[in-house]
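Note that chain A is present in both complexes that follow, paired respectively with chain B and with chain C.
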Partner chain A sequence: MEQANTEHSHGLEMDPQVEYSSSKLGMWLFLGTEIMLFGGLFAAYAIFRAKYPEMFLEQHQELNREMGAINTCILIFSSLTMAIAVTAIQKGKRMMSAILILVTLICGLGFGVVKYFEYGAKFAHHIYPDTSIFFSLYFMMTGLHMLHVFIGLIVLGVLMVLTWKGTFNEKYSTPVELGGLYWHLVDLIWIYLFPLLYLIG
Partner chain B sequence: MANHAVATNVYVPFLEKKGILSWLYTTDHKRIGILYLISVSFFFLIAGIIALLMRIELLTPVSDFVSPHTYNVLFTLHGSLMVFFFIIPGLAASFGNFLIPLMIGARDVAFPKLNLGSYWIYLLGTVIVLIALFQPADTGWTFYTPYSATTDTDVILITLGVFVLGFSSILTGLNFIVTIHKMRAPGMTWHRLPLFIWASYATAVLQLLATPVVGITLLLLIAERSLGVGFFDPAKGGDPVLFQNFFWFYSHPAVYIMIIPAMGVISEIIPVFSRKPIFGYKAIAYSSLGIAFISFFVWAHHMFTAGISEVAATIFSFLTFLVAIPTAIKVFNWTATLYKGSIELHSAMLYALGFIFLFTIGGLTGVFLGALAADIHLHDTYFVVAHMHYVMIGGTVMGFFGALHFWYPKWFGKMFNEAVAKLAWFLVFVGFNVTFFPQFFLGVQGMPRRYATYPEEFESLMSLSTYGSWILGLGVLIMTVNLINGLFNGEKAPQNPYGSLSLEWQIPSPPPHENFEEIPHVTDWPYGYGKKKEVDA
Partner chain C sequence: MSEHSHSEEHHVTSYKPYFIVWVILMILTAVTVYVSYLDFGTLNIVIAMVVASIKATAVALFFMHLKFEDKITWLFAIFPLVLLFLLISMTIVDTFTRITP
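Presenting the complex of A and B:
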């Protein structure tokens, strides 16, 4: 603990080691707050599912399992490509990393497209957030998650361009790593959403 | 940003650079602290004036000054501005920003740009809320459903503003935690940290973990109003009490976000003006974390009358009593520090002593309210109002004023008029007690909160309370004028006017841009008063 020193003579440049571990700690704390944010919705889900089990059982059949399953696969695959992208840049393989981030980005877009058709189908059946408690939860949870995917796409886009341009290398790749952590969280939340909403009963 | 060009021993105070842009784009933690200080003080004064208006209406039993609807709007604004715009960011963001890097021997916080970003987000939130003032909500600061989901007034805008503020709070907390972990000067071990740092750390943990929950709650409330989502609407199968559960899961820890930094301030002021080492350093340090931990398990004590199960209510009642333990540990340690000290009644010390006195009353009446049987009778009466203000004004605001007077010379490099400051303290202290002590009696006699009119038998106590609010208002006015006057006409402050041992007093007042010429090597804790000083002088 006592090693947390910032011994640098002048100026605000931080010691790279301290900067790296600070950024990592900051990101993990941020992910903690994200969990708490979704935690509220998960708590609401638990309460209402306990209160209205039949409603959940009946209405979840309106959801398209195949599309949900496809999206789950897409996101898990994108997490894999992102993880390899981080390893690649840490080894200094700039092009490989940029391409892998691009693949991750395309997966994220694919997720959005599938979700677009899912939402469209719901609206076509006149199912809206105010239809029932179950669909309120469905739209709020997947909607908030979709917002995170969207932010993730912007982050990935920026990271891809910067990686392509050679901003990062084996010595400095913190933003790629942090972006990866964020993307894994987005993936992780979906992995919980999918069974909770699509696979009831 | 780096000052490589500047010769090592040229001292440029951080206040030197002029121009509004040099402030709005600053990443200097001391300047960001000032920006917060100005903003929170602005909201404190606005919300304080609103409170005075409410007291004027309550001077007589009938509604003669404002209409009942206007009264509802006033208490909503008073509550939400005070809570979300003044008290929560108040000490934590303004003094936290100013003091944390100085006290731990760092040049800035861990993420200076993020820090500026947090302030911009705070500004955005204030703009949204100022727009919301044109069609103000009348729900009370708690935004309880189902009323908040159905009232015609504009709830969406003000909750959106509070939601945005939440981000600012989260990012500030995140920044501080990382700063305290990673930026400490060599030799600044955890047990050499000033107690204000421990308090800020506990506060930051609460900001991080609790704020997202109120974020999602307010988002759901907005969805309830705009999309017709029905989580809190019984007609759609929802549950209005769920809103209360969510809301207090944040807002009870939030009251500790408000009070813990003030406790940190008191822990700094008392040893300096008692010339004694702080008593029970570790007990005070860890009790901050203890309070933060327990605060997550007491929220339902706000809901004893809301139809929660008896078992749950009993459990929450006992959990609530637990909070009193770490809190009392602090009070006992402060008084033990005072014991046989050579006490100097500086204005900052007066505020600190006022804190101990008033906060003890506020804390103990909190135990009454936490007791299930008593709460059924006292819930939503003036007793709650009095308790809350004893904790929030008697606690946090006293701590805030104390911090203002204590660190004023360091922050601005000027001295204020001490005699006027003492007079202002006296008026604030007396005015506060005259305003709020009668409200305990009103509450016990059954006067409910949030009414513009009341039965005639309450008139004498009610008008006494209003007279007190005028004394309190006068005291705050004198204090404000005194502090602002000091900025322009005050004498130049020395580096260390109180002979304090902590790091921020070992550098010039006001501090230079990057705080320390050389990062200090810390060899001792900052409370070694009363023995021969070898290290710092």
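Presenting the complex of A and C:
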């Protein structure tokens, strides 16, 4: 890695393989910081749950477990379509990849719509972030996750357009792969949020 | 690129494993929802977290291709989890070993 382009300070001559693996490594590092970001909230959850188990048990029943389960299915399915989209572009199947990214995007929107109705139902029952520690955590954790879904939707939108226009091919598809990693992390965090908030409380 | 290292190439998998992983994820989701209706006391959270961790591992290994990554990527993936474990375990130990007047 040291001898790779010491004289090319502009970095345009970088070995594509080096560029590929370092981009991916950088993405994993970023995902690590994301885990720590949510980690603070998971730690808060652990402490308050251990301190006030009856409050968590009682108040989590206000949450709509069916809607949570539907959203879990939506997100897992969107992860599947994104994984296939990455493989498709690596095989040079541009159209297939773009369509699958679009499906992923629609699933992400669907997740947002379900969450919108869930939040709406909470507000209708006069449940707000300041209602209790449990709901404070609920809104903060799902809200921060929702923010990630929004950012993911923007990333997916850009990737879809670029894939459609033919920016990526079997030789170069790094951004699609990195966008995919981000989307899978959003799914991964939800995999923990769903049982912690909806199922056990 | 004379020497061929496993990490130097895209690992292009076929589509089939993704569908298998997806089916497993859906089954585990069903299991987790089903178990939540039963009462095992404190075991409930243990079961839920174990199932969630199996799901998360499957997502990381197959959807995120961690299975095919090199050692340094594994290190980058595992290290935050170690920090997360320290963060949560230490704060819990701290919270419950304080003597409140």
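Basically, the second predicted complex is superposed on the first by the 188 of 201 C-alpha atoms of A that agree within 3 Å, B and C clash if a C-alpha of one lies under 4 Å from a C-alpha of the other, contacts with A are read in each partner's own complex, and residues count from 1 in each chain.
Following the convention adopted for this analysis, a residue touches a chain if its C-beta (ideal position, glycine included) is under 8 Å from a C-beta of that chain, and two chains touch if they have at least 3 such contacts.
Model, not experiment: these values are computed from the prediction.
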First (chain B), second (chain C), both or neither touched by A:L41: first
Touching partner for A:S21 - first (chain B), second (chain C), both, neither: both
First (chain B), second (chain C), both or neither touched by A:L162: neither
First, second, both or neither for A:I191, with chain B first and chain C second: second
Partner chain in contact with A:Y128 - chain B first, chain C second, else both or neither: first
Which superposed partner A:T87 touches (first chain B, second chain C, both, neither): second
Which superposed partner A:L109 touches (first chain B, second chain C, both, neither): neither
Touching partner for A:S79 - first (chain B), second (chain C), both, neither: second
Touched partner set for A:L29, first chain B, second chain C, both or neither: both
Those residues of chain A which chain B touches in one complex and chain C touches in the other: 21, 25, 29, 32-33, 36, 39-40, 43, 47, 51
Residues of chain C touching chain A in the complex: 1, 7-8, 10, 12-15, 18-19, 21-22, 25-26, 29, 32-33, 36, 44-45, 48-49, 51-52, 55-56, 59-60, 62-64, 69-70, 72-73, 76-77, 79-81, 83-84, 87-88, 91-92, 95-96
Residues of chain B that touch chain A when the two form their complex: 1-4, 8, 106-108, 110-112, 114, 170, 174-175, 177-178, 181-187, 189-190, 208-213, 215-217, 219-220, 223, 227-231, 236-239, 242, 246, 514, 518-519
Touching residues (chain side chain A, partner chain C) in the complex: 17, 20-21, 24-25, 28-29, 31-33, 35-36, 39-40, 42-43, 46-47, 50-51, 65, 69, 72-73, 76-77, 79-80, 82-84, 87, 90-91, 173, 180-181, 184-185, 187-188, 191-192, 194-196, 199-200
Of all residues in chain A, those that touch chain B in their complex: 1-2, 4-14, 18, 21-22, 25-26, 29-30, 32-34, 36-41, 43-44, 47-48, 51-52, 55, 128-130, 132-133, 136, 139-140, 144
